[in-house]
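The following pair of complexes shares a single chain, subunit A, combined with subunit B in the former and subunit C in the latter.
Moving on to the complex of A and B:
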């Protein structure tokens, strides 16, 4: 099977470049940090701010669900940035270094080549996010307060779908253009625009993949049904399939262009 | 004020974060030691990894590493 061969090669390469170590580690730290910072915010403010004597700050202690939603917010900014930056050269890098020319000089299926890259990327995203989210959940329960387990799991799954979408977008951009900075800029910009648009125009973007982060945050905080969740999930999967097909086509088209 | 702060800090929960940060820095330094070439001088990356805690190591892995392919 060509796919398994390519998949093994991708996994090996991601191990050699230490991606399997540092990406999950950074995600875990991102997740754990938010509950800790929130818990000590009053102390931090007290020791850092030079406030006049007698002034008291009263901060409502946030609920566990709120802190977990804030952690997802961290993943939307820093986490997304790290994912896009670490995957931006996944296809364009091999094209520029001539590796893909070597690979495609043999009768190799473009589909399995692309699918292996896609699958290895999604597995790293899944492991990293699951680890970080579990860490954030544990620390939130320990330091802030309990979180509804059903809502947390559902929110996590929908958020993972959003990260998968962002990954597929980066993969497609990497097959489309060569400059790494351009790939990162366009992928991040598109992801940010999509998620911001769902905040500005909720009526027109109810099913947009960009509304997935918001849906998971709503689920955590109100534990009610978020509107259009199933539609957003299905449309996100459809978009991922389209991006994947586009990536195969681009890999075929630009197999030897530098 | 320091006394009340010290007693309220659950070190058992914060220590893992410090350990994780150390692991990340050590992995970064090992990778840097093994790398044949980096973008920018190696001694600079050592300083960045050691002083820039999480961001320093992440910056090394993303920018500093040259993929050996």
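Moving on to the complex of A and C:
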């Protein structure tokens, strides 16, 4: 009951603050840019104009799968930044402004409150990423070459799981501390560390949520089975559940800033 | 109507080392209006936040008695207005009230009915269609009152409801409170004595986290008010000297002199004023004004706060 009420309010807020417009647009742009830039790279270099005369550049045309994997790389940096920045104050903002005092003095359920925030965030992430990835896929097929559909879908789903994890982390940090900069710093830092750690220490982080982006890239590029995919997915879902529970607990503990 | 509605026993709040509320106990009777009075930093907001369920007490108990028995969750029965109510600026006043009503457990049709009624009552019928971002402080306060009352709570808790308002906003909110207290028990905190005197019948004075004085307004007035004479004389040297000397007469129990004015606490107003006037005439001192009366609540407040 209350979940629906909170969820409706979150959706309305995201609509009125144009989050439903600009986040999907940024994701679409990020996705579409990669294949287009790759396709026109020789022309762009040629028109740059400051090349020594007689120099020839030969760029091996990349495969469609490679371009799609590069797109995911874009999402790992700029996309993640956008997500964290747009969700960092989702809980702390209400606490800081004081609205939460009025909300929590009413007989509301902390679980519904948190769940509505979580669900609305996940739906925005899902729609934005799906739109961007679909755009990237379409342009890749049009301009570069075909991509194995099964691999692309699987890679996309695993990457989406990674974004969900990053969102849940941001939500938890937002319930834990108040300063927006701190939330963004810790969430981004933790996400980057996790994904870098799986590059450096692949043996110890085979199932870490941070290895999900790599698993998606591997899936696209070498059509074989990626190692530890199922384990990473399960562990990521478990982590999300833990973060979610922690968020509810923090929301209940810190109802207002006094 | 003297059943207690709210019973607080040994309520304590510690923030790290500092004890802000030091084991206060009081009760609020059903149908009454109680004011929590105290200077800034006395622990009023902390106490109110604990009563509203926003802050976990470090010790003690808070019980809300509905039909004579304590309820496990008191939130459905209270309405709370924070010190500076903040809303979602992107919502309209009407949308916020609907939202608040449904959060408080009203069905959507009930919430719509109550919303319309309360918007009318607090004078925001037309402004209800506008975004809250453009509201003035007084309008926000009135909207805050409406959201606190939309589910018809048993107890209305207000934190400094009029302190931040201009005179006309103050008057609006106070007259609203006058009306509300016919139906609901009200507990509010303030550091403005005048507001408390205007609408309350119970007073709780707190100082440094402890209850300094509690009781009904009449009782406190009767018990603590003292006969007082306020005296003002001319500015010349002789008058000043006379005024200073008057303080040591035997019918004066306490004197405060500043400039050409004096406030004398006396044993008997009539005798004292006659004696003073005769004395002034004998010394050829011009009295500019002489006012015989009782000490006000403000005097008492200052005495409690400063002691």
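Just so we're on the same page, the second predicted complex is superposed on the first by the 256 of 258 C-alpha atoms of A that agree within 3 Å, B and C clash if a C-alpha of one lies under 4 Å from a C-alpha of the other, contacts with A are read in each partner's own complex, and residues count from 1 in each chain.
We take it that a residue touches a chain if its C-beta (ideal position, glycine included) is under 8 Å from a C-beta of that chain, and two chains touch if they have at least 3 such contacts.
Because the structure is a prediction, the values reported are computed rather than measured.
Looking at the superposed arrangement, the partner reaching more residues of subunit A, out of subunit B and subunit C, is B. Using the contact criterion defined above for the overlaid structures, shared-chain residue A:43 touches subunit B, although it does not reach subunit C. Of the two partner chains placed by superposition, A:204 touches none, neither subunit B nor subunit C.
Once chain A of one complex is fitted onto chain A of the other, the partner contacts of A:93 are limited to subunit B, with no touch recorded for subunit C. Shared-chain residue A:33: touches subunit B; no touch with subunit C.
When the two complexes are overlaid on their common chain A, residue A:107 makes contact with subunit C while staying clear of subunit B. When the two complexes are overlaid on their common chain A, residue A:17 makes contact with subunit B and with subunit C alike. On subunit A, the patch touched by subunit B and the patch touched by subunit C overlap at residues 13, 16-17, 97, 99. Within the complex formed with subunit A, the residues of subunit B that make contact are 1, 5, 8-10, 13-14, 16-17, 20-21, 23-24, 27-28, 31, 54, 57-58, 61-62, 65, 67-69. Subunit C meets subunit A in the complex at residues 45-46, 49, 52-55, 73, 75-76, 78-82, 84-88, 90-91, 99-100, 102-105, 144, 147-148, 151.
Looking at the complex, you find that subunit A touches subunit B at residues 13, 16-19, 21-22, 25-26, 28-29, 32-33, 36, 40, 43, 46-47, 82, 85-86, 89, 93-94, 97, 99, 139, 142-143.
Those residues of subunit A whose C-beta lies close enough to touch subunit C in the complex are 2, 5, 9, 12-13, 16-17, 97-99, 101-108, 255-256, 258.
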